[in-house]
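In what follows, structures are represented as structure tokens.
Shared chain: subunit A. Partners: subunit B in the first complex, subunit C in the second.
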Partner chain A sequence: MLRLLNYKHPVNLLVAVDIIAFGLLCYHNSSKAFDWKTLLAGVIISVLFCITYLIIVKKGMGDEYLFLIVAMLSSLGFIMIYRLDNEAGFRQFIWLLLGISLFFLSYFAFIKIKTWSKFIYFYIGASFLLYILTLVLGTDIGGSKNWIIVGGFRFQPSEIIKVLFILFLACYFKDPDSLRFPLNKPKFLNTRLGRSLFLMAAVYMNVAFLFLQGEWGTVLLFLLVFLAEVYVFDKGKVLMLVNSAAIIICAAAGYFLVYHIKVRFDIWLNPWADISGKGYQIAQSLFAIAAGGFFGTGIGSGRPDLIPAVNTDFIFSAISEEMGIFGGMAVILLFFILAYRGFKIVMKVEDKFNKALALGIAVQIGIQTFIIIGGVTKLVPLTGITLPFISYGGSSLVTSFILLGLLQALSSGKAQRSGGVDKLDRE
Partner chain B sequence: MFDLISSILKYIFTLIIYLFIFGVIRLIYLDIKSMNFKKSENEGYPYLKLINQRENLDFKIEETYMLKNHISVGRGNNNDIVIKDPFVSGKHAEINVVDNNFVLRDLNSKNGTFLNGEILQEGFAYLKDGDKIKFGLIDFLFVDYKA
Partner chain C sequence: MTENKKIIHIFIFICFLFLLLAGYLTYIQLFESTSLSANPYNNRNQQLENDTLRGSIFDRNGKLLAYSKKTGDKQTRIYPFNNLYSQLIGYDSKIYGKSQLEKQYDNYLVNRNIANPLLAIKNAFNSKEKTGNDLYLTIDNKLQTLSRQLIGNRNGAVVAMDPKTGEILAMVSKPDFNPNSSTLEANWQNLAESSSHPFLPRATQGLYNPGSTFKIVISTAAFENGMGTVKMNDKGSVIIDGRQIKNEGGSAYGNIDIGKALSVSSNVYFSQIAVQLGQDRLKEITSRFELGKEIPFNIPLEQSSFGYRNMSKADMASAGIGQGKVLVTPLQMAMITSAIANKGNMMRPMLVNRISTHDGLLDLKNYKSSLLAHVTDSNTAAGIKKIMQEVVDKGTGRNAAIRGISVAGKTGTAENEFTGIQNRKEHSWFIGFAPVEDPQIVVAVILEYNGSSGGSVAAPIARSIISEYLNNR
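This part shows the complex of A and B:
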């Protein structure tokens, strides 16, 4: 038995975590004796992770640690969601199945289709179409008008746009010329300056639309990912400085002009001033983290249900309460090594499009984690955004798995845009 | 009752999660170490490459060993290549350079040294590119690009 729990085989430990947690939850959720459904969910999910991991290892699908880390993260999230709300847990289970299938789908699609870097206008167009659809058809859920409901099936278009945005940036940094102004008339528009202006226009249009939807977290995420890409791939310093200045000015203006942003800032500085009103969320989150102590209250013994939005934005507080500070640090550590693996892939891949894409994915997962974990622990002002792979929510989970599939494809080395395409371009 | 079980299991749970993280970091470390070697491999010296899956071995061992001049192999700590395998003798074998050729010599080890599956009969043999050398349970590949 103990031989199976050897650290040399992390996948066994993953299964052990799932079995322990779901075995415990069997007794927790029902007042009746034993809840077979819960155990079944735990077993199915462990088997699914094992099979996926084995496929990745046996078929040589590139980096085998990426999925292992993500499987642990989604297990922890799934355990917590199941413990908080049985029905949400069941829906999350369906989303996980869909997420893993889309992981494989995006892996194969990225390898099979060789022309991903040619569709820059499609990525911009599709993003803007989705934004406009959201504005027209959008439904208000939880304060932000950012949901589309189609026949009982609802999703958040901004999550899909996260993928499109990274693809768009990767296209631009592979070949800035791909973002050409169609006419030749005003000459300066086809210089390097003109293209930079176009890039900025496209990025800030994205930001403006998200601003209209009230998605502050995603605004921050897009701007930081954009800055990171510019910092790494743009040779001059001007674009970087101009954008940093623009972002700081926008943030300052936002603080004075937009009520929401000012409130967020004030809560961050002092949540105790209005603890029963605006500061309630963050105060509850801090109480929960404090209640956990080092090892937590134990799964099922705490009261994380007192935190508002605990399934989505505040899942980290719930994990910290029931699994303790050590559990919370484990989550952060896992994200660390995930981002680190991402950077290693960035250094390994050759093609510039692949490099920019891998960097975008790694940075996006890292920054998204920082924004929300920093937010709920009151390190930075809180902005509502999901914790990748852990939070409840179909769109977010599925998008994260699509990004993971792309990263997996990049790491496998089978997705090299074989110099041939480049050569054809030059001729 | 539930609370009691839950509060006992939480320690085990945390321990397992950290073991998992340790395991993953260990694998990543091994992965990077083998990557670094490929970069520094500029001098064109021959080297010994481990064939066994390093993840499955209980003792510390490198993925590759450069062969510059005299090298001794054995379980004792004063050897150049230390293999803590119980089937390897304290002073097991040595590799010498004689006129630009590499000579593998068995130092009367208990379980013998094997070259390409056969035990070293006369106690020594010249090495050439692609030879398989076995000490105890450990297999090495002799790689010499010059040849």
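This part shows the complex of A and C:
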């Protein structure tokens, strides 16, 4: 028990932050009466994180820091969301519970089920099915037609596809040369060129569907993850060069041909030209960051409510306003350590499939963080995408926790896939 | 292993991206946050102003000069003394913005970006209504009211200050206007287009020739350069460099010394003294009296100037009697006088005494009086004081004399753009202080385009102000 209270124990840092932040939140909300609900939410979240952490340590589930970092990020996100909108905070709390459950589920499923590397066509098929469903049943929320509502329960299929996409890439790069197609005609399919074309077709189909949904941020994310995998695992240089060139040409063409892309770029170059219209969001975000200063206005004392979409895309601006540049810097550093732990796992893992999968997850976390934080600070053009573990939204949070579960499993060294390659060949 | 090497490349790339984020975030905070905060589209300012009850403004004795009242969501700024402080406190209008103290101290009044750790803690624990901070001025409301009454319907300015501290006791500019929003907004067009420029705060932004009041500056240079005992034969006029300089009314005063010359305000004497001093000494003494220098003040202050480069003798002669390119604000004239009154030390002028939170629990600023410039030595100052006292005792400034109080002063009649075109359009000046033994108050008065001599119209105003201040303290 005493050992647990030792301040050098990293989990205590997390608890300390939670106690301080929720204490402040209580005070902020309790202008009338003492706010038991906030306190209760804080206690439950802190206890939940501690228990999860203890399970990870006691059961030897691998890298114990991964979850700690994520717990800190989720705490910051939850505190901010709860402060902005109590009801959204409550829903986020439910999502957080579900996320942690799915974290354990994906961890055990990944270890127990040894055949994850064999479902390449399932991953593609499921992705495309989800895309088609989105196109047919999709509902427009916040400008992008990328939501599906089923019985009052809504989710964003593109978030789930993030997992499927990485799994697909891992399946492919596990051993591209031994990939056999079920069909034997036309002949060239089972050549090296054929396989490369198959890979590109699958990737660009993803891109095309996301393009139709107007998810520019996810397009960028998928392409960069794809390029990273190609760079690391493709033996030649041709595939890398061809795809890089294709992406650059498409981006240039997109700027001139696609109105939305041009608008995003123009806003990025000069948001002040149309500050009350198209540049409104980014201007409000910058105002918030400037208002925060180095130490922030304090939780509850700023006006992040003036920023549109502050719960989701712009949550980083809200954190910067109320917790200051130092708070924002802390978030950036936490993501950096997370990416660093991820890359450590990538380096350690021997199995090809596992390695490609770990790389996909680590790169995705790093790039997604950069795209959205860079976007809201006007470092790069703004594309709507969530900040992993922090932004409000069930689909995003759950997906992030599933990926974390996979990374956790990969770090544990219990997910060896012996001989998986040969078996796939015979089928 | 080549794969792991490539993975490290990717990781380095990611590191670079994160470094870029951290660097850019710091850049925004260091170099862009100020302009972002001030952006007119930044609703935070508007929201803060709406949410915060704007601070009040008080005179030195706690008399309320400006305050805000909240009715529902709307806030109105109320100036109970109407026109009296329009040129000093200014206005705060939703449509036309802010001016003067309302503008300069806006951040304090709405409690915005105030870097004070105690205030930050205080605000953090204050969940009740947000309030701005209050200003306490150095102004004495009684003296301000009297000053405005004395100017009456004439245009001009009055500045009264404490020479030992630099505190401004009264500062009135006429014409003025009613700064209360509804009146201001209804009259805006008329006020803005009026040929008498009611939005020009004459005391701080009006530039005038100092006329004969400038002779105390010339006298200072003369004393310092051992010319305090020079005697001259004043024949009523003199020709310098082809230009004729005449005394007021052409009076000839005969063989006079500097005391007598100041007392009768002899142009003949001072124009020749200025020529004898030469351009270098003239430039040097005016610069020591802070002409042509940026003087820190609580509201925008126009720079007084000695606008000469290479001076002909005619230029020197004109400058010697405060004409030509010598331009001063009434406040500058009060400061010059205060330097003489305060043993040669010019104090930094101040209008705001302190700033404190609305509940009065915490003083955010407590301004101390400070020395602006050491202008001249105390002996010289004492000499000037003595001859200035003679001006009031038996010279042109007799109208400023008060029974039982020794007053020192100097009158002036300044030429302007109407001189030579229209008669009786000169500005009338008076500068003075009292009591001579221990000066408590300095007064500078100017009446624009008045046509009368300073001694007849400006001196009585100074007299009443000095008398009120010294007798009712």
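Note that in this section the second predicted complex is superposed on the first by the 401 of 427 C-alpha atoms of A that agree within 3 Å, B and C clash if a C-alpha of one lies under 4 Å from a C-alpha of the other, contacts with A are read in each partner's own complex, and residues count from 1 in each chain.
Simple rule for what comes next: contacts are C-beta pairs under 8 Å (C-beta built on N, C-alpha and C of every residue); 3 or more make two chains touch, one makes a residue touch a chain.
Just so it is clear, the model here is predicted, and its values are computed rather than measured.
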Touching A:A330, do we find subunit B (first), subunit C (second), both, or neither?
first
Kindly classify A:V363 by the partners it touches after superposition: subunit B alone (first), subunit C alone (second), both, or neither?
second
After the superposition on A, what does A:V232 contact: first (subunit B), second (subunit C), both or neither?
second
Quick check on the superposed pair: does A:Y255 touch subunit B, subunit C, both, or neither? Answer first, second, both or neither.
neither
Tell me which partner A:L286 touches in the superposition: subunit B (first), subunit C (second), both or neither.
second
Contacts for A:S301 in the overlay, against subunit B (first) and subunit C (second): which applies, first, second, both or neither?
both
Once chain A of both complexes is superposed, is A:F265 in touch with subunit B (first), subunit C (second), both, or neither?
neither
Indicate the residue numbers of subunit A shared between its subunit B interface and its subunit C interface, in ascending order.
27-28, 298, 301, 333, 340
Mind listing the subunit A positions that touch subunit C in their complex?
27-28, 31, 228, 231-233, 275-276, 283-284, 286-287, 289-291, 293-294, 298, 301, 303, 306, 320, 325, 328-329, 332-333, 335-336, 339-340, 343, 346-347, 355, 359, 363, 366-367, 369-370, 373-374, 377, 379
The answer for subunit B against subunit A in the complex is residues 2-3, 5-7, 9-14, 16-28, 31-32, 55-56
In their complex, what parts of subunit A are in touch with subunit B?
5, 7-10, 13-14, 16-17, 20-21, 24, 27-28, 65, 68-69, 72, 76, 295-301, 322-324, 326-327, 330, 333-334, 337, 340-341, 344
Which residues of subunit C touch subunit A once you look at their complex with the stated criterion?
3-4, 6-11, 14-15, 17-18, 20-22, 24-26, 28-29, 32-34, 36-37, 39, 41-44, 47, 120, 123-124, 127
